[in-house]
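After this come two complexes, each holding chain A, first together with chain B and then together with chain C.
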Partner chain A sequence: MSRWLALLPEAALVVTGLLIFAALMGDGPNRERWARRAAEVGGLLVLVACVLTLGRSFEVFWVTYRVDAFSQLVKLAVAVGFLVSVFIVRDGAGQRDDARGEIFFFLLTSASGLMVMASAVEAVALYLGLEIASFSLFVLVPLRERFPLGREAGLKFLVVGLAASAVTLFGLSLLIGLTGTTKLDEMAVALAAIGSKPVALFGLALFLSGFLFKLALFPFHFWAPDVYESASHGVAAFVATASKVTAVALLCRLLALTQVTGTALVTALALAAAISMTLGNLVAIVQRDLKRMLAYSAIAQAGYITVGLVAFTHDGFSAALFYGVLYLLMNAAAFLVVARVSVDGANVSMDDLNGLHRRSPLLAATLLLALFALAGVPPTSGFIGKWFLFRAAMSEGWWWLVLLGAINATVSVYYYLIVVKHAYLLPAEGEEKPVPLTFGDKALCYGLSAATLVLGVWPTLLYDWASRAAANLP
Partner chain B sequence: MQTLLAGLAYDRWIIAALLWLPVVGAAAILLAPAARAKYIAFGVTLLEFVLSVGLWWAYVPSGPAVQFIAQHAWVRDWGIQYYVGMDGISVFLVLLTTFLMPLAVLGSWKGITDRERGFYALMLVLATGMIDVFVSLDLFLFYVFWEVMLVPMYFIIGVWGGKGRLYASIKFFIYTMVGSLLMLVAILMLYFAAGRQSGNWSFQYEHLLRYAVLEPRLQFWCFGAFFLAFAIKVPMVPLHTWLPDAHVEAPTAGSVILAGVLLKMGTYGLLRFAVPFFPAVAIGGTVGKVVIALAVVGMVYGALVAMVQPDFKKLIAYSSVSHLGFVVLGIWALTVQSVQGAVMVMLNHGISTGALFFLVGMIYERRHSRMLADFGGIARVVPAYAAILTVVSLSSIGLPGLNGFVGEFLVLLGTFRTHPVAATIGTTTVIFAAAYLLWALLRMLYGKITKPENEALRDLTRREYAVLVPLLVVIVWLGLFPGPVLRRIEPSSQRFIELVRLRLPQQVPTGPTVAPQDAPVVR
Partner chain C sequence: MSPALYLGFATLLFGVGLYGLLQRRSLVAMLISLELMLAAVSVNVVALTTLTGHDASMGQVVALILVGVAAAETAIGLSLFVAIHRASHSIDVETLSELKG
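Here is the complex of A and B:
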C-alpha cells in the first residue's frame, strides 16, 4: 500500500483543488482572500508532498503513469512555479474584478495538467495533460482588467494553441498508427526497429509542435510577447515558469524516443534554435515594456535550451532539464520584481524602474541577479547552465550553433544591462516612493537570489539530479 | 625571512587568503554602517598587501615553474577544478594588484560620497576577480573570473562615473563581453580536442597545452578568438575605443585599477594563453607580422593622439594605448630580454599611470576640471603637487633612473635583435612620450598663473601624500634597482620562450618537453 504514497503530490493537488473550490463557493467579501489562502496552503502542501516522495518510483494505471526521478524533478519544479505564481498574484491586482478568486483555481488545474504530463508515459495521457494545462491558461490570459490588448492576446493564444494542439494530435496518430502502441516505451522500441523513416520523423516532428508551442520556440513563438504583456503578472509568471520547464522536460522525453541524429528533424531543430535565439535577442533590444522584453528573452532562451537538445545525448538532455529548472528560478525572480514594482497591477515600463535601488534595494538586487543569470554572467546559475548546454552541443560537433549562441549571449547582455541601468544608474523621476514588501516577498527574494548564486557555484547540487532524471528517459 | 614564511606554511594558504579575504571584507562592508565602509575596505586591502609581500621571498626563482599550487575538484565529472598557482610573472602582477588596491581605496576617500558601501564592496570583489585571473591554472576558472570582473567595473564606472558614464560603462561591458564569449567557444574547442587526444577531460592549463591538437585552420580561428578577447582588453588599435571613454568617465580609483591592473590582464592573457597555445599561428607567418605591426601602430598612434588631447585624463588614457603596445611588441619579439621587458612595462605602467590618474583625480577634486587649458603656472601655488607630477611624468616618459626606462629599454633591446624595423619605429614613441607629457606639464604647471581661480588651490593633504609617497618610492626603487625583480621574472620568461619555440615547428610536443609537468588530476 505504501507504494501508493508516491502519488502524494497528485493527492495534494486534489485536496488543494477542493480547498480552493470550497473557498470560491461562498460569495462573501472575503471570497478572494480565502481562495488565496487555500492556494497558498495547498501549494505548500503540494511542494512538501513532492519533497517527501523524492526517491520513490512507481508505475500505475496499466503502466501509463510513472513516478521516477524525471517526473519528480519536473513536479517539484512545477510546484515551485505554482507556489511562486500564486504568491505573485497576491490580491489579483490587474485581474478582472469578478475573476480574482478564480485565477487560483485555473492556475491549479493548469499545474495539475503539467504534473500529469510529467508522469505520463503513454501518449494519450500525455496529450490529456497537455490539454488540461493549456485550456486553463486559455481562460486565464484574457481575464485582464482594463487592457484592450488582452482580448487580442487571448485570442491569439487560443488559436495558435489549438492549432499546435491539433497538429500534435495528428502527429500522435501517425506515430500510433506506425508503431501500433500508445505506450512511449514500446513506441521507442518500435521506432528503433523502423529506423528513421520519413513518416516516423514527420510524425515525431508534428507531435513535438505542441510542446514547442509551450516553449515558445520559433516558429511557434508568436503568442509569447502578447501573452506576457497582456496577461496579469501572476498568470504570465506561471506561463513563463512552470509551463516552460514542463515543455523542456517533455521535449527531452519525446526526443529521446528515437535515434534521429543526422536527420532533417535535427537540422530543423538546430535552425529553429538559431533563429529563435537571434530573433528573440534582437527584438528584445527595442522593448520598453519589461514583461514584453522578458517574452522576447524567453524566445531567445528557448533557443539556448534547444541548442542543448540537438546534441541528442544524455548530457544534452540533462543540460536542458537543468537549465529549464534554473530558468524557472531566474524568471520567477524577475516576475516577482515586476509584480511588486507595478502599481495596481499595471504593466511596468523601463522608466518605472528608475531609482529602484533606493526605493527597494532588495528588489533591485533580486532583479540584478535574475538578469545577470538570464544573460549568463558568472557566477550566477545562468552562466553554468548555458555552459552545460553549449558543452553538450559542442561535444556533438555543433560548433556553429554554439558560436551563434555565444554571440547571442553578448547581444542579450545589452538589453539586460539597459534594465540594470534603469534600476541602478538612473535616478527616479519625482519623489522616490519606496516599494512596500511583505515578509513573504522578502523571503522569496532572498530565496530565489540565493538559489541563483548557490546553483551557479555548486551546479552539481541540481545537475546530478537532472542527469539521473535524463537517465530515466526511454 | 624564508624560514619564517616556511614555518607559517605560507605557500599553502597565501593564494586562498588573497582570493577570499576581499570577499569576506565585502560582506563585512555590506553589513557594517556606511560610514565605516572605507575604513574596512582600507584595512582589508592593506592586510592583503602585507600578506602578499611575503611572495617576494617565498617565490623561489630557481624552483619549480609554478609555485603556491592549490587544487580542488569543483565539477568533478567535467574536469572543472579550482586550480591555482603562480609563476614569476603572476607573482608580480598579483603584487601590483595588492599594492595598488589600498592606494586606490585611500585615494577615493574624499571623492566617493554617494553609496559608499556599494563602492567599497565592489572594489573588494574586483580585487578577488583580478587576483584570480592572474593565478588561475584552470581555464574554466580563469574564464569565470575574467567575466566576473566586468560586473563590479561596470558599476564603478556606471554609478560613480562622470557625465558620460552610462555610455562608457555599457560600452566597456559589451566590448569586453564580445571578445570573451568567443574565447569561451575556443576554450571548449581546446577542451574537446585535448579530451579526445588523452581520454582525460580537464580544463587544466598544462593538460590543454600538452594534448589540445587542432588542425591548422581551427588553430587559426581559436587563436583569433583568444586574441580578440585579449586584444580588446589590452587594448590594441583598432579595438581601443572603449578605453578613453571608460577612463575619462570612471572615478579616480576606477581609472587607476583599470589602467593599473585590468589592462594587464589582456597582455597577461596573450603571454599565458594566446601565444603558448597557438605559437604556430601567433608567431610564425602573417599573423605574427600583423600583430607586431598593430603593436607598433598602437604605440605611435597612441602617442600622437595623446599629444593633441585637451583633457589630461584622456591624454593619459591614450598614453596607455601607447605603453601597452610596448608590452605586445615585447611578447611577440620572443627574446628573453623583450619578454622580461614586457613584464616590466606592465608593472611600471601600472605604477606610473596609476600615479598619474591619482594626480589628475586630486586636481579634479579641487577644481572640477581636467582641461589643461584651465590651469597654467600652478606650480607656484601647489609646489609639492607639481614636483610629484613632474617626477611621475618623467617616469612615464622613461627617464633613466626611474622605473619606466627599464622596461621600455629592455623591450627595445630585445626586439632589435629579431625585429629591427619595429624596434626602430618603436623608439620614436619614447620621443613622442616626452613631447606630450612635457608639453602638458608646461601648460599646466609652469609659467605665470593665467586663471585667478587657481590662486587659492590647496597643496597636497596628508592623505594624498600617503597615496603618492609609496608610488614614488617604488618608482625610484624600480628605476635604480630593477635587478632583483628581473632576476625573479627571468626564469618564467625563459620558460615562456622555450615553450613557444618548442611548439613552433609543429603543434605536437614530443620527447622531453620543457612544458610544466602535468599536475596530478584530482579525482
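Here is the complex of A and C:
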C-alpha cells in the first residue's frame, strides 16, 4: 500500500482540480478570488507532494506509468512552474473578465498533462499527455482582453500545434508498426534489433516533431513570438517555463530510444540547433516588446539545449535536463518582472522599463540577474548550464556547433544589455511611479534571484540529480 | 495484401491532408484536412500492426483513441472559429494577417 504513496503528486493534482472546480461553481463577485486561492493552495500541495515523494520508485498500470528520479525532477519543475505562473496571473489582469477564474483551471489541466508526460513510459499515454497539455493552452491563449490579435495568435498556435500533433502521430504509427509495441523500453529493444533502418529513423524524427514544437526549435518556432506577445502574462510564463522543461525532458527520453549517432537525424538536429540559435538571437535584437524579445530569446535557448542533446551521451542528456530546470527559474524571474511592471495587464515595451531601478530596485535587480543568466554571464546559473551543454557537445567532437553557440551567446549579451540599459540608465519620462509589490512578490523575487546565483556557484546537487535521471532512460 | 501498399496509401492520404492544410484558406477546410491526416495515421497503425503479425488488437485500440483525440481537436478548433467569426464575420485566414511571425 505504501508503494502507492509515490503517486501523491497526482493525487494532489486531482484534489486541486476539484478545489478549483468547486470555486468556479460559485456565482459571485469573489468567484475568481476563490479560484485563485484554490489554485495557490493546490499548487503548494502538489509541490509539497513532489518533495515528499522524492527518492521513491514505482511502476503502475501494467508498466505504462513509472515514477523515478527522471519523472520526479520534471514533476518538481512543473509544480514550481505552475505555482509561479498562478502567482504571476494574480487577479487575471489582461484576461477577459468572464474567464478570469477559468485561467487557473486550464493552467492546472495543462500542468497535469505535463506531469503525465513526465511519468509515461508508453507512447500512446505520452501522446495523450502532450495533447492534454497543449489543448488547455490552445484555449487559454485567445482569451486575452482588449487584444484583438489574441485570437489570431491563438489560431496560429492551434493550427501549427494540430499539424505538429498529426505529424507526431504519423511518426508514432510508423514506430508502432515497426516494433509492434507501444511501451518505450520494449520499443528501444526492438529498434536496436532493427538497427538504424531509414524508416525507423524517419518515424522517430516525425515523432519528435511534437516535442520540438513545444520547445519552439526551428523549424517549429514561428508560433512562439505571437503567442508570447498575445497571451496574458501568466499564460505566457507557463508556456515559457513548465511547458519548456517538460519538452526538453521528453526529448531526452525519446532520443535515448535508439542509437542514432552518425545518422542523418543527428545532422538535422545539429542544423536545426545552429539555425535556431542564430535566428533567435539576431531577430531578438530588433524587438521592442519585452515579451516578444523573450520569445526570440527562447528560440535561441532551444538551440543551446539542442546542442547538448546532439551529443547523444549521458552527459549531454544530463546537461540538457539540468539546463531545462535552470531555464525555468531564470525565465520565471523575467516574466515575474514583466507582469509586475505592466500596467493593467498590457504588454511591456522597452520604454516602459525606463527608470525601473528607482521605481523598484528589487524588480530591476531581479531582471538584471535573470537576463545575465539567460545570456550566460558568470557567476549566474546560465553560465554553468551552458558550460555543461557545450562541454558535452565538445567531447563528441561538435566543434563547429559549440563555436557557433559561443558566438551566439556573445551576440545575445548585446540585446539583454539593451534591456538592462533601459532599466538602469535611462530616466523615466515624466513622473516616476513606484511599482507596488506585495510581500509574496518580494519573496518570489528574492527566491528566484537566490536560486539563479546559488545554482550558478554550486550546481552539484541539481546536476547529480539530472545525471541520475538521465542514467536509466528511456 | 502487402503492408507496403497500405503504407503507401496512408502516406498519400497524409500528404493530401498536409497539402490541404497549407493550401486552403478557409478554416473549416483546414480542419477537414487535419482530419484526413489523422485518418491516415489510423489506417497506418491498424494495417501495420495487423499485417506484420503483431498484436492486431493493440493497433485497433490506438485507432479508437485517435478518434477521441480528433473529436477533441475539432471541438476546440470550431469554438475558436466561432469566436473569430463573431469578431470579424469571416473565417478566411487571409483576413487575419495582422501578426507577423
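Methods note: the second predicted complex is superposed on the first by the 474 of 474 C-alpha atoms of A that agree within 3 Å, B and C clash if a C-alpha of one lies under 4 Å from a C-alpha of the other, contacts with A are read in each partner's own complex, and residues count from 1 in each chain.
To be clear about the criterion, a residue touches a chain if its C-beta (ideal position, glycine included) is under 8 Å from a C-beta of that chain, and two chains touch if they have at least 3 such contacts.
Keep in mind the model is a prediction, meaning the values are calculated, not measured.
Asks: Put the two structures on top of each other at chain A: do chain B and chain C fit, or clash?
Replies: Because the two structures are overlaid on the shared chain, the partners are seen to fit without clashing.
Asks: Between chain B (first) and chain C (second), which does A:V325 come into contact with in this model arrangement: first, second, both, or neither?
Replies: Neither partner.
Asks: Could you say whether A:I407 touches chain B, chain C, both of them, or neither, answering first, second, both or neither?
Replies: first
Asks: Check whether chain B or chain C contacts more residues of chain A in the superposed model.
Replies: C
Asks: With the two complexes superposed on chain A, say which partner A:T460 touches: chain B (first), chain C (second), both, or neither.
Replies: Only chain B is touched by A:T460; chain C is not.
Asks: Would you sort A:V239 into first (chain B), second (chain C), both or neither based on which partner it touches?
Replies: A:V239 contacts neither chain B nor chain C.
Asks: If you stack the two complexes on chain A, which partner ends up touching A:L114: first (chain B), second (chain C), both, or neither?
Replies: After superposing on A, A:L114 lies clear of both chain B and chain C.
Asks: Go through the superposed model and pick first if A:A231 touches only chain B, second if only chain C, both, or neither.
Replies: Touch partners of A:A231: none, neither chain B nor chain C.
Asks: Quick one: classify A:V419 as touching chain B (first), chain C (second), both or neither.
Replies: A:V419 sits against neither chain B nor chain C.
Asks: Once both structures sit on top of one another, what is the angle chain B-chain A-chain C taken between CA centres, to the nearest 10 degrees?
Replies: About 140 degrees between chain B and chain C, seen from chain A.
Asks: Give me, in Å and rounded to a whole number, the least C-alpha distance separating chain B from chain C in the superposition.
Replies: 28
Asks: Common interface residues of chain A with chain B and chain C?
Replies: Touching chain B and chain C on chain A: no residues.
Asks: Taking the complex as given, what residues does chain A use to touch chain C?
Replies: Residues in contact with chain C: 124, 128, 131, 135, 138-139, 142, 148-149, 151-156, 158-159, 162-163, 165-167, 169-170, 172-174, 176-178, 180-182, 222-223, 225-226, 229-230.
Asks: What part of chain A is in contact with chain B in the complex they form?
Replies: Contacts found on chain A: 372, 377-379, 383, 387, 390-391, 394-395, 399, 402-403, 406-407, 409-410, 413-414, 417-418, 421, 424-426, 459-460, 463.
Asks: In their complex, what parts of chain B are in touch with chain A?
Replies: Spelled out, the residues of chain B in touch with chain A are 75-78, 143-145, 147-148, 150-151, 154-155, 158-159, 165-166, 169-170, 173-174, 177-178, 181-182, 184-185, 188-189, 191-192.
Asks: Under the definition above, what is the set of chain C residues touching chain A in their complex?
Replies: Against chain A, chain C makes touches at 3, 7, 10, 14, 17-18, 21, 27, 30, 34, 37-38, 40-42, 44-45, 47-49, 52-55, 58-59, 62, 65-66, 69, 72-73, 76-77, 80, 83-84, 87, 93, 96-99, 101.
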